[in-house]
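Look at the two complexes coming up: subunit A is in both, with subunit B in one and subunit C in the other.
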Partner chain A sequence: MRKVSLDSINKVFAKISESNKLYLPVDGSDGVAVYTEWSEGKEWSNALNTVRSPKDFFFPQMENLMEFKTSGKNIELVDIRDEKEDFVIFGVRACDVRSFDILDRVFLSDPVDSFYASRREHGIIVSVACSKPSETCFCKTFGIDAANPDGDVTAWKTEDSVYFVANTEKGEAFMKKIEDLTEECDDSAVTAQKERIAKIMEKLPLADLSTDAFGGGKTDTFFNAPEWDELSQTCLGCGTCTFVCPTCQCYDIKDFNTGNGVIRYRCWDSCMYSEFTKMAHGNNRLSQKERFRQRFMHKLVYYPENNEGIFGCVGCGRCLAKCPISMNIVKVMKKIGGNKSE
Partner chain B sequence: MNKMEETLIPKIGVITDVRIDTPDIKTFRVVTPDGKKAFDHRPGQCAMLSIPGVGEAMFSITSSPTNTEYMEFSIKKCGCVTEWLHQAEVGQQITIRGPYGNPFPVDDVFAGKNLLFIAGGVGLAPLRSVINYCRHYRDRYGDIDIVYGSRSKDDLLDYKEIIEEWSNDAGVNVHLTIDNPQEGWDGHVGFVPNFVKELGFDTNKTAVLCGPPIMIKFTLEGLISLGFDKTQVYTTLELRMKCGVGKCGRCNVGSKYVCKDGPVFRCDELEELPDEY
Partner chain C sequence: MQKITKDQLVEKTVALLSDGTVSAVLGWSRGEFDYDITPAVFKTAEDLKENFVWNDFCGANFSKYLVAQTGKVEGKILVFLKPCDTYSFNQLLTEHRFDREKVYAVGIPCEGMADIAKVKEIVGDGIVSIEADGENLKVSTLYEDAPALVNAKDVMAERCVNCKSKKHVAYDELMGDDGEVIESNRFDEVARLEAMTPDERFAFWQNELSRCIRCNACRDACPACTCEKCVFDNPASSVENKAPANSFEEKMFHIIRAFHVAGRCTDCGECSRVCPQNIPLHLLNRKFIKDINEFYGEYQAGAEVGSRAPLVDYTTEDLEPGEVFDRGDKDA
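Then we have the complex of A and B:
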């Protein structure tokens, strides 16, 4: 384990920035933390987490896939994929680190999505433990340890220092770069912080939320549950939950006419939208109730069925904070799963 | 730079023939610019066709894999991409990628069996691939019955091929029907599900169904009333798709993705899915 004093953390950022683009949560002028490319003068945010998840780094909200040039009846296809450079995402929370694993199982399964894969290959993740988890946090429900996040490097931020441990080869290389700025240390401060975090986690209002009722093979149990009517009644279908969600990965592919060609691009889409499944000859999910149900069934039943029991939620709490009608996966789990801890 | 293979990046295809089948269905022949078949496929698999600037959509490949020269797609005019295709002329380039999805189990489950194909309207398009595959390898299969119905005589897809080729094959019985009486039609009149019940097939067959959802529902009920088990009946589904490889989320029903786990399903497998297809 190595450490650097908090006063010198900007030196670490400067050192890393010499060779790689470095992104970390920085408070904007509106006080909202956003992953921002570091440059001199930018300060690492103290916010618990960013409003937008870091999924953009690997699965951007919009990305161009290819171009076409057309003339008469002929089409020329241009492969615009470029070589990516290594980049560092610093300060990723435990929940968001797990979300990358959930996305990997979609995009890196056969056939591999090369757009995602090349970004993933070049991304170096430095996670940071959550010293102050909040009341909307429920990562523990999904077996995530906020005190000990995964990633290429794990960091712990205390009042005066930042501690680092490398977990992967990429992580070792990162630590090598900042070797002169950090010093070897024992793990007593980190152990103390881990214990403190564990105690906070136990007392969080959602600490008792359980996934026991859910998982693969439970389609019949939940699909026709009468509770979906009430739960979905006020859903606006705005899709905010899917946009802030670090694991929502549904996408659309669209064409844009540039005037002298066509760009085919991919953008995030949402199963909450009425057009998501609409075809020329009909729509298999006509009501908002059906669309609402799809989102939660996918995270709690369908995804685990296809992925060795791993749930499609990381308990980051973004949907709890942002849904305009205050509906969220926690309410769904309690109501449908019969969890009476509320 | 050595770029990874990427399924979303298509090949260029050229339309080399357009056949007008019915007032709203045309059959397009597609090859690569150097005149070859774009890729091999199995009966029941699909391909993504697109016109840059208009959109991309999934279509079943109607030609048999035994045709090694080109692929054919029978396409009904009903949305943006299909409307555009219907205006396309010979020589028009499009894009093509695939093949996608699971095929009909022609080489194992179907082998040695009597086969009953039942189609309604443009639902014949995916079945034509299997029918012609089984006709090509005729000695691998038992008797073949084909029940096909459409709104009118003019709406019967592949009519010429059915009359001139399929009907003349030994051991192949073709049963055609149209919804309403029509001048110049002395064949059967009535809906496919009732026709199937009237024909009263023996249950020593494997059935393959494709057509509008309502037709599939009632025909399946008809087959069951004749004594068929759901494990003997196969069908192929159609849902909105964007990627074709189980990632974009659009065709997800239960834990299945119609594009990669389907589009071919055995009817008892469908029963395990939530009723959302």
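Then we have the complex of A and C:
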């Protein structure tokens, strides 16, 4: 384990920035933390987390896939992919680190999404343990340890220092770069912090939320549950929950007419939208209830069914904080799971 | 602190359900915490007694829900309307968006709603309970032994700080006292933007709108946005888009929307309340309201049912387009 004093953390950022782009949560003009490229003068935010999750780094909201250029009767296909250089995402919380694993199981399964794979390969993740979880946090429900996040490097921030442990080869290389700025230390401060966090996690209002009722093979148990009517009755059908969600991975591919060609792009899509997965025969989910049900069944039943029981939620709490009508996965789990545990 | 109590509202509602005046109730349903309140349709006294809530976080404007809910309910649906909600209610009636006969509107006074983000700015994160305590909110957190007392005025939502009216302009029954239309300072921020140079103003909106994630929450919560199929959701419209494709497109969405609701927007503030990215969208709408007031005389959308909005009415007093041009900043 190595450490650096909090006063010198900007030196670490400066050192890393010499060779890699470095992104970290920085408070924006409205006081809300946003992943921002570090440069001199930018300060690491004290916020618990960003509103917009770091999934953007691997699965951006909008990206161009290829271009078709026409001249006369010829069509030229242009590969506009830019090979990515290594980049560092610093300060990722435990929930969001787990979200990358959930995205990997979708995008890195055969057929591998080469755009996503390239970014994953070049991304170096420095996670940071949580010190003041919010009442909306429930990562523990999904077996995530907020005090000991995964990632290439794990960091712990105390009042005066930042502690680091490398977990992977990429992480070792990262630590090598900042070797001169950090010093070897014992793990007593980190152990104390882990114990403190564990106690807070027990006290969180959602600490007892359980996934026991859910998982693969439960489609028939929940699909026709009468509670969906009530749960979805005032859903606005906006995409806030899906777009702030670190694990929502649905996208649409569209062609943009440039006048003398076409740019094929991909953008996030939302199962809450009326045009989602529209097919030649029309739309397969005509009501907001069906769209709403799809989102939660995907997280709690379909995803675990296809992924060894792993749930498609990491308990980050963004949807709890941001849904315009305060409807969310916790309320769904309590309402339909409470009556259906087997 | 709200003057009317939850118990009074529940008592009233249960009585109206029991005597058959209404068959359903649009109200606020309690959440996991004291601030995460969900709009809900209540149909039984038991459900109301158990889950109905009325506190400083009941900000949601129910008017728009009437468009869908009046078609689903047998008999009448009771809707609770705060003063600002009644303007949206009237505007929707003016546009014939729901059947007035299917609604039993109960006006309730409002002392202003709290913004949980402002509460957290003062007391920090980890909120486990919020109780009204006179003029204050008593907020307990995971991280402080003693609850913090926060003055409700200090955490009031922006739209409530700039409240335009405590008067109910529509109801079948009013609970508590009615208030008055208020001289608010709601156009001050618009005036500040008007005083900027075009470049400064462009930079301001570029910064704000660059955060848009195109979740459509502003549109979907907006009581003036009740098109069955929004042009931005229609693949045949050629402007349908699920992501802000570039900085032009991301501004266009909001500017088109502001134009579309101009003259119909009552300034209820739902757009800014629901924006997950804290974009002050209401300022676009307020700019239109301010301009309409200055060009055509004071006009408040929704103040009465059936009023002819200046933008869809012609009078010989109307100013000429050239006057608008002369007044504007030609360099903009």
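Going forward, the second predicted complex is superposed on the first by the 333 of 342 C-alpha atoms of A that agree within 3 Å, B and C clash if a C-alpha of one lies under 4 Å from a C-alpha of the other, contacts with A are read in each partner's own complex, and residues count from 1 in each chain.
Quick note on the criterion: a contact is a pair of C-beta atoms (placed from the backbone, for glycine too) under 8 Å apart; a residue touches a chain by one contact, two chains touch by 3 or more.
Keep in mind it's a predicted model, so treat the numbers as computed, not measured.
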Subunit A as common anchor, with subunit B and subunit C clashing or fitting: fit
Partner chain(s) touched by A:278 [first = subunit B, second = subunit C, both, neither]: both
First (subunit B), second (subunit C), both or neither touched by A:104: neither
Partner chain(s) touched by A:269 [first = subunit B, second = subunit C, both, neither]: both
Which of subunit B and subunit C A:27 touches, first, second, both or neither: neither
First, second, both or neither for A:187, with subunit B first and subunit C second: neither
Subunit B, subunit C and vertex subunit A (Cα centres) - angle in steps of 10°: 90
Touched partner set for A:325, first subunit B, second subunit C, both or neither: second
Partner chain in contact with A:236 - subunit B first, subunit C second, else both or neither: second
First (subunit B), second (subunit C), both or neither touched by A:227: neither
Contacts of A:252 with subunit B and subunit C, given as first, second, both or neither: both
Where subunit B and subunit C come nearest after superposition, their Cα distance in Å: 8
Subunit A residues contacted in one complex by subunit B, in the other by subunit C: 252, 254, 269, 278
In the complex with subunit B, residue positions of subunit A that touch it: 65-66, 68, 70, 73-77, 79, 81, 83, 106-107, 109, 111-115, 117-118, 216, 219, 223, 249-255, 257, 262, 264, 266, 269, 271, 276-281, 284-285, 290, 294, 297-298, 301-302, 305-306
Subunit A to subunit C touching residues, read off their complex: 28-32, 34, 48, 51-52, 61-62, 132-135, 200, 203-206, 230, 233-234, 236-240, 242-244, 252, 254, 256, 265, 267-270, 273-275, 278, 320, 322, 324-328, 330-331, 334
Partner subunit A, residues of subunit B touching it in the complex: 1, 3-10, 12, 50, 52-56, 78-80, 82, 89, 91-95, 238-240, 242-243, 245-250, 252-255, 272-274, 276-277
Residue ranges of subunit C touching subunit A (in the complex, touch as defined): 31-33, 36-41, 60, 65, 121, 124-128, 142-143, 207, 211, 213-217, 219-221, 229, 233, 235, 240-245, 273-274, 276-278
